[in-house]
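Just below is one structure, and these are the notes that go with it.
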Amino acid sequence: MASPTTTRESHSESSAHRSSDRVREILSWYSSDNPGTKGNLARMLNHGTLAGTGKMVILPVDQGFEHGPARSFAPNPAGYDPRYHFDLALEAGCNAYAAPLGFIEAGAAEFAGEIPLILKLNNHDVLHDEKDPLSAVTGSVGAALRLGCAAIGFTIYPGSSMASKMYEQIRSLAEEAKRAGLAVVVWSYPRGSAISKAGETAIDVVAYAAQIAAQLGAHVLKVKLPSDHIEQEEARKSYEKYAIPIGTLADRVRHVVQSSFDGRRIVIFSGGAKKDNDEDVLNEARAIRDGGGFGSIIGRNSFQRKRPEALKLLRRIMAIYAGDTP
Amino acid sequence: MASPTTTRESHSESSAHRSSDRVREILSWYSSDNPGTKGNLARMLNHGTLAGTGKMVILPVDQGFEHGPARSFAPNPAGYDPRYHFDLALEAGCNAYAAPLGFIEAGAAEFAGEIPLILKLNNHDVLHDEKDPLSAVTGSVGAALRLGCAAIGFTIYPGSSMASKMYEQIRSLAEEAKRAGLAVVVWSYPRGSAISKAGETAIDVVAYAAQIAAQLGAHVLKVKLPSDHIEQEEARKSYEKYAIPIGTLADRVRHVVQSSFDGRRIVIFSGGAKKDNDEDVLNEARAIRDGGGFGSIIGRNSFQRKRPEALKLLRRIMAIYAGDTP
Amino acid sequence: MASPTTTRESHSESSAHRSSDRVREILSWYSSDNPGTKGNLARMLNHGTLAGTGKMVILPVDQGFEHGPARSFAPNPAGYDPRYHFDLALEAGCNAYAAPLGFIEAGAAEFAGEIPLILKLNNHDVLHDEKDPLSAVTGSVGAALRLGCAAIGFTIYPGSSMASKMYEQIRSLAEEAKRAGLAVVVWSYPRGSAISKAGETAIDVVAYAAQIAAQLGAHVLKVKLPSDHIEQEEARKSYEKYAIPIGTLADRVRHVVQSSFDGRRIVIFSGGAKKDNDEDVLNEARAIRDGGGFGSIIGRNSFQRKRPEALKLLRRIMAIYAGDTP
Amino acid sequence: MASPTTTRESHSESSAHRSSDRVREILSWYSSDNPGTKGNLARMLNHGTLAGTGKMVILPVDQGFEHGPARSFAPNPAGYDPRYHFDLALEAGCNAYAAPLGFIEAGAAEFAGEIPLILKLNNHDVLHDEKDPLSAVTGSVGAALRLGCAAIGFTIYPGSSMASKMYEQIRSLAEEAKRAGLAVVVWSYPRGSAISKAGETAIDVVAYAAQIAAQLGAHVLKVKLPSDHIEQEEARKSYEKYAIPIGTLADRVRHVVQSSFDGRRIVIFSGGAKKDNDEDVLNEARAIRDGGGFGSIIGRNSFQRKRPEALKLLRRIMAIYAGDTP
Amino acid sequence: MASPTTTRESHSESSAHRSSDRVREILSWYSSDNPGTKGNLARMLNHGTLAGTGKMVILPVDQGFEHGPARSFAPNPAGYDPRYHFDLALEAGCNAYAAPLGFIEAGAAEFAGEIPLILKLNNHDVLHDEKDPLSAVTGSVGAALRLGCAAIGFTIYPGSSMASKMYEQIRSLAEEAKRAGLAVVVWSYPRGSAISKAGETAIDVVAYAAQIAAQLGAHVLKVKLPSDHIEQEEARKSYEKYAIPIGTLADRVRHVVQSSFDGRRIVIFSGGAKKDNDEDVLNEARAIRDGGGFGSIIGRNSFQRKRPEALKLLRRIMAIYAGDTP
């Protein structure tokens, strides 16, 4: 027979869901996963403005739980309503929307099948904020299936004295998720008594955090943008001896991507706290793009802006990733 | 906040996955189901050429198991390759592709996330063909999840002395599928020692078969196109006393739709054996459309034609359902 | 259908849910049951027009499955829509509404908490009608909980060669239902190769059927109205030797009530096929009342009439049970 | 105690159980839940004096366990008898009654089906009172079903170092409860070594506590009435920058409601310790009403008053919520 | 039929097992329990010298485990033999005999069916005596059934930092026991780092301990005789404000009974350490009787006396409870 892959080039309207060659390449990296998991990765990669580009912009809204409602939503009170975020993610053309159980339950039926969902399975509040934090497991794989999610999300804190417990939790949850055909997204945020504040975003630590998440079997890794600080003395020797370029943000992104199985795991970067100047956000996106990163997970810089500004910013970010603007 | 429902009308490129009002209306009929199941129904309703119209054309290929390979694929040998059918369904813009375990396993990874899949969980061969048939359960809900399917499919044979066993099998499988957020598609094909050959497509029997599938909790019902024959004497009294219109095919489709919870369950119609004349197939589609049916499940009339002819025919059928042609 | 949201009246005093002395007396008969089951019996006894009287009128609609859609709904096509029956039961002031899985799923969310529901867990169609029938188990206790039902319903056919299998099924299902706090309603319909057609409603057989259902642990028994025929020769000797009065319908109802643990189980009577003359239905209700029966389960004589006629008839029946009319 | 059987009034019209438009609107917020859970929410919303208004007054009596018997019941010794509280809740027209296992077991059969019950699944005593408390899980979903409850209740202490454990317990119990069609009520009471005494009712902390309970998937949230104190410095910046109105109690209630998914979760407020002056209690109810709160959970201010005074006060509170008095 | 409750007063020989009105009244308090559990409560209430009076004297022998053999049995070495205690309980006319697994296994067959047995499911030794003790679970519901026991026994230590764990253990064991038709006896002994030595028998603490056991779902509560000490300052305010009489031992017993669901749970009192003077023991029994207590659990004061003295003392105690002596 004629190979079915030879007729893919002309994307007619009806074949809008065909994966692009780039998406197929990305999926090929996950060759140990079953078609269900691959399909859910494809659902995310094929959704929204960046569909087919292999790039991703995800809207995450867990700050209500992690920071409290006023800190999260007072800047743009429309965000108190859980449905606002489903709608924002859809309208902005995000690849997926990630949130804890309550927020997903509050909109999953109304927006059924409209946008890939990531159920964040663990959460931590700051009413009791430990030096060595351990998030509570507040969701389950069963809930992710019941709510129609494409993936589970899970946060690990490498550097916390509780890290091993989190690694074991995600081992078990990821195993269950993969069996059920879900994808696994891991937020890897170094934090804890053994790490300095600067160390949390140090290039050696962030690259290490990405490696750990990848080794734990995550399909999609989310890390913070790294600084040029180096936290660990043993690591510093290597960075210096081998002159690993970490001078620019793009350099550092490139190193983190390299540390994520030489770019064979999807690694995306967190936008961090809300920035008043859009250009700062856009420049970060340019550095991620130039460093070969796969995209951004942008929470506060989207939902804490008024809707028109958020849509405008997200679209400019996506244009950068899509290669439509410099 | 601005109501998220107010901005649905203008479908921008990025919001291609927004459900239309018609799809939202259809989903509202399944109010006992969880968002996962609603989402998978939406995935099927929002895929392909008929996305958003509330109509469906599904490609089913279980004839290899049910009738044997030569009878099934010799007319168009490309169909021996399982990948052919995924590609055909995609290229034709079908809403979903349905097949037994082996065929799905043979292509699910390659086409991951590209087209909604229905794993047919039971199958029957004709090497031992009973008067009162009972299909074997050859798949599972776990397999459907592992393979990334949107729905399970199941065949019942009302009229078979084994019907009760099949009803109990689908009860249990549907319960498991619904819990896991999958949709349930039931092929309801009257057959067995208590029914004449003509009775298998008699209007009273087909309407009854649709009712049974709906009462068993199916989300999507598939029945054969009914003739104007009436099989059961007790039923004939009702058809005559209440002058139920069954004169035209559209009349009979309308009655089957009414028998499917007054049109509140998606009921689609089987194309049956391959017809040499395309117009016969198209006229059936017109009758289904005119009678308020939700679409067709077209196997032999698509995959037994050469690819270009099949694509042409499927596109003409979809144009009829879409209202683009008379 | 008239929208159910248009007729919401103002709410009455706060103590409307107190059980009457009669309801408390009835509940005392079920002293082996847990408070959950007692509560669900109370929910049925305290709902609708007959709330608190200890009498019940239940609307059952399983004929779509049992007899086919046209025979069931053509007389009043509004009944093709599953929501029609929820609304009819509510508007008529019935104590509960009973139906198979599909019909319950199609309305349980929309009418959540408005009327006690009975999920009929087994069903039988007439496309294959055996001399010794065995219904298929088409629902589960889990589904009853998920759908918010007050009770499970189950049909047994004493006299069928398959009766033992049904007795064992209800044993297991009732055990599970009682543990979960649900009530158990058993339809006991003698039928099978060992019983003549006349025997199916013979007084000895109906009384026996009631006794069997009670011995199986049913909380509510449903039997057909008995004729004065006596089917079993051994039984005839007793009826004659002890001169058991069976001359009038009220006499026979009294004997069936006596056979239902001396009236310590709720036994209600089936209305049977649709009657053209309302008075025939009303006279049956009078006989049931006079014989000490607990009420009626009225399907075809309600949903096969046009809505206004059905409401009128059901209200007249309830007035008879309430003692408001002779 | 006065016998509960002496005050049975005549029953109102048959459609008393229809949900009002407001109740239907509230139920629509829980679109991820099954009809069983929706039905149990409806049972609570449709019960008692406030039936149909969307407002709730719940009687909780867990102080025997939480504070000890004399502190709880000496002010009104009738309350030592568990039946007293069922009767009080019924007579006052409360929407539901909440208590630990022992109290529910001691009356659930006698009051079967008369008032929606909430089984409090965890409890804590003050014989060993930790700085960072963890309640013991003293009930189960199985017990809630067996006892005929409409909901499970669970207390979390955000701010306790044990909070994560409680979040994980309610995750698992809520999942089981929702599957069985029960509703989930969460008491969210900030407390622990990281929070000052004033901080326990600080507006930022109470709003945060409501958000956490909602994100954990609770259907009904119960929090304490907030003061205008702000506990967390990071939060203070948001309250000041965005000038969130917290000057009056109604303002603060409004902010807590907003923090409960923009008012799309039922949030009710705790009355706290017994107040000698009824007007203080009534003014709180007015502020809750004016701020858009859904009602009160009033324990000590009801059962620690003599029955006539308690009934009078509860009725005046309900009149405020019903809008019958200013 | 003649009501079975009218012929109870004269206990004929054949009706020796008929429950008295008092026993029936007591059983009515356990209305959430199944007939199995009610039956086992009845077996204890209807056994021995106090049968039918509603009073109980139980022989417990767990000191071998709790205190060591010499401390327990050297005063009366016959007690080293497990059979001695079965025989003593029988001969003295006790209602039941309670012991750990080994003691029960050593006599259950020999005395099969002769005396109600209570299997103590947890035990604690003093070879490692913690400030905050946690007993080990040394038996199971399965063992209780296998050994023919009427009840399980379980010790909680309110006030221990481990109390929550014990509450969760008894929650789970009680649930299992009740399902199997066993009764649940809870020893509630305040103890731990948060309670002073005097506090262990303080009236407020003992009343609280009884309340906790009742809220945990115990059928029979066993507490220590309370002193007039008040341990908790918050509690003291209530005792003083409401002038709760605690001056005499009978007063205090009365308050504990009140704290046990207003006397609707069987609460019995522990004799404590062996007293040399019989009159001290008898005076305690008189106070228990006068305060409305349900009886005594007398271990060391029976089995550490020589058999004749023990029998004599136990009979005198029973005569007090029976009202035969002042």
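Order of writing sets the labels: A, B, C, D and E. Residues in every chain begin at 1.
The rule is simple: a residue touches a chain if its C-beta (ideal position, glycine included) is under 8 Å from a C-beta of that chain, and two chains touch if they have at least 3 such contacts.
Please read all numbers here as calculations on a predicted model, not as lab measurements.
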item: Chains touching both chain A and chain D; value: B
item: Chain pair equivalent in interface to A-D, over half of contacts matched, among B-D, C-E or D-E; value: D-E
item: Closest chain to the centre of mass proxy, which here is the mean CA position; value: D
item: Distance between the centres, which are taken as Cα means, of chain C and chain B, whole angstrom; value: 36
item: Gap in Å, rounded to a whole number, between the CA centres of chain C and chain A; value: 56
item: Chain A-chain E separation of Cα centroids, rounded to whole Å; value: 60
item: In chain D, residues with contacts to at least two other chains; value: 31-32, 34-35, 108-109, 142, 146-147, 179, 262
item: Pairwise chain contacts under the document criterion; value: A-B, A-D, B-C, B-D, C-D, C-E, D-E
item: Interface residues, chain B side, partner chain A - complex; value: 1-2, 4, 7, 12-19, 27, 34-43, 45-49, 78, 81, 83-84, 86-87, 90-93, 108-110, 112-115, 142, 145-149, 179-181
item: For the chain E and chain D complex, residues of the former touching the latter; value: 29, 31-33, 132, 158-161, 163-165, 167-168, 171-172, 175, 190, 192-195, 204-205, 207-212, 214-218, 232, 234-235, 237-239, 241-242, 244, 255, 258-259, 261-262, 264-265
item: Interface residues, chain C side, partner chain B - complex; value: 64-65, 67-71, 73-75, 77, 80-82, 100-106, 108-110, 123-130, 134-140, 142-143, 146-147
item: Chain D-facing residues of chain B, complex; value: 1, 31-32, 34-35, 179
